[in-house]
Amino acid sequence: MSDEKYFKNITPRERAIFEGAITMGALFHQFVGTPVSLESVDSLENAIKTSLELQPCIMHVDVEINREILKDTENEYHYLSLTGDMLDVRVVSEYDGIKIIVRMEYVEDLNYPLMYVEEVD
Amino acid sequence: MSDEKYFKNITPRERAIFEGAITMGALFHQFVGTPVSLESVDSLENAIKTSLELQPCIMHVDVEINREILKDTENEYHYLSLTGDMLDVRVVSEYDGIKIIVRMEYVEDLNYPLMYVEEVD
Amino acid sequence: MSDEKYFKNITPRERAIFEGAITMGALFHQFVGTPVSLESVDSLENAIKTSLELQPCIMHVDVEINREILKDTENEYHYLSLTGDMLDVRVVSEYDGIKIIVRMEYVEDLNYPLMYVEEVD
Amino acid sequence: MSDEKYFKNITPRERAIFEGAITMGALFHQFVGTPVSLESVDSLENAIKTSLELQPCIMHVDVEINREILKDTENEYHYLSLTGDMLDVRVVSEYDGIKIIVRMEYVEDLNYPLMYVEEVD
């Protein structure tokens, strides 16, 4: 069993943080760059959610792509490439009964899509 | 108008080939690596299709991810990362009434996910 | 031989356009999202170039990532995620003696990183 | 200051784990799919290292791409797409004097590129 061999040096809470953080890094770097518009955004949110929920210890992934940015940015081609400032994401991970929530949101003061632990058990 | 300024040096058939090829390269490099299983595969196919159909001159994208590979490859985590050998894709592009189909399929003899023009008007 | 089997329905010029376009689509969607700063930019340009030059028919890839954007955009973390508006790329592809150049550059009028055929034999 | 506002609910050790894990997830999903061969592998390793070392709390990234796989897998095109089974990575992260090492290596028993905390302060 991989848990006993590889993860006995960290606590359950640390394990939940570890897996939630991997999944948030994965989400950003897998999907940033994807073409997206108001027509395709539901489908993309759904695929992000269902694919990342496969990862170890991940209970739930909520993804909101900002429709206002999709509406406001006009170009001849009527779509944009997904960027970090469009994303608001919550990843719920759990290990051994301990649950945490990792959040990513664009923080204007930081000019940066910040990832942090929003809730801890 | 960007077409007159940037694309007057190639024929409509070349333009259709150009746009179909961009989209196939984009598809492979955007989505390879995504976690995928039998539960998530429909959702991922749908997002690939709807996002790539946004690109210029793209009429239709058909994506089939190989369920046999997903079934046969067992690991403790019950999912895989999407690879080129799981993908069978047709991209239909059209410019000025000229339609072409770009295909990607894994060719075992070549050990390579080959992209080629399957049909030309 | 794959060329005779898969590519006999298109001309050498179309083949060069096809391969150049695949590589440009690949480049954008593989590397957009990568963390980049003034310290790492040479290394990233080099890896983009050497990896994409491996693709079929690709003779040369020139990548310039816009240093002004890297300098001007300040945040607490001193790096950005690579986006299409930072990229100026030329891909030289050749098939059977016919050479073409595919260009990608950010066109402000279009608010879009446009890919087009810059030169044809 | 973002640390006080966003990270006061976790310990320094948890913060180091959090940032190391994000970076490992980012690395996998940013670079898997990149064309790679024996000629380009040094350049790709270098770009992975320098780009991921930009992320918060990351002191050091060591990446080894398996040359044996690159040598053994022959195809007409003389390159492969980067996959998880080629990667052996160590990410050293540090927060407030507490250092941890996140490792990714392909574990044959698991048929999976496992990410785990290899060392903790």
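Per-chain numbering from 1; labels A, B, C and D assigned in written order.
Operating definition for what follows: a residue touches a chain if its C-beta (ideal position, glycine included) is under 8 Å from a C-beta of that chain, and two chains touch if they have at least 3 such contacts.
Everything numeric in this text was worked out from a predicted model, so none of it was measured.
Q: Higher C-beta contact count, A-D or A-C?
A: A-D
Q: How far is the middle of subunit A from the middle of subunit D, if each middle is the mean of its Cα atoms, in Å?
A: The separation of the two C-alpha centroids amounts to 18 Å.
Q: Centroid from C-alpha atoms only, then distance subunit A to subunit B, rounded to Å. What do you get?
A: Chain centroid spacing, subunit A to subunit B, equals 25 Å.
Q: Any idea how many Å lie between the Cα centroids of subunit A and subunit C?
A: Roughly 28 Å, centre to centre.
Q: I need the residues of subunit A touching at least two other chains; which ones are they?
A: 2, 26, 28-30, 33-34, 76-77, 110
Q: Take each protein chain as a node, join two nodes whenever their chains touch, and name the resulting shape: line, ring, star, complete or other.
A: Graph shape here is complete: every pair of chains touches.
Q: Which residues of subunit A touch subunit B once you look at their complex with the stated criterion?
A: Residue positions touching the partner: 2, 26, 30, 33-37, 39-40, 43-44, 46-48, 50-56, 76-79.
Q: Which residues of subunit A touch subunit C in their complex?
A: Against subunit C, subunit A makes touches at 28-29, 32-34, 73-77, 81, 83-84, 110-112.
Q: Subunit C touches which residues of subunit B in the complex?
A: Spelled out, the residues of subunit B in touch with subunit C are 2, 6-7, 9-10, 13-14, 17-30, 102, 107, 110, 114-117, 120.
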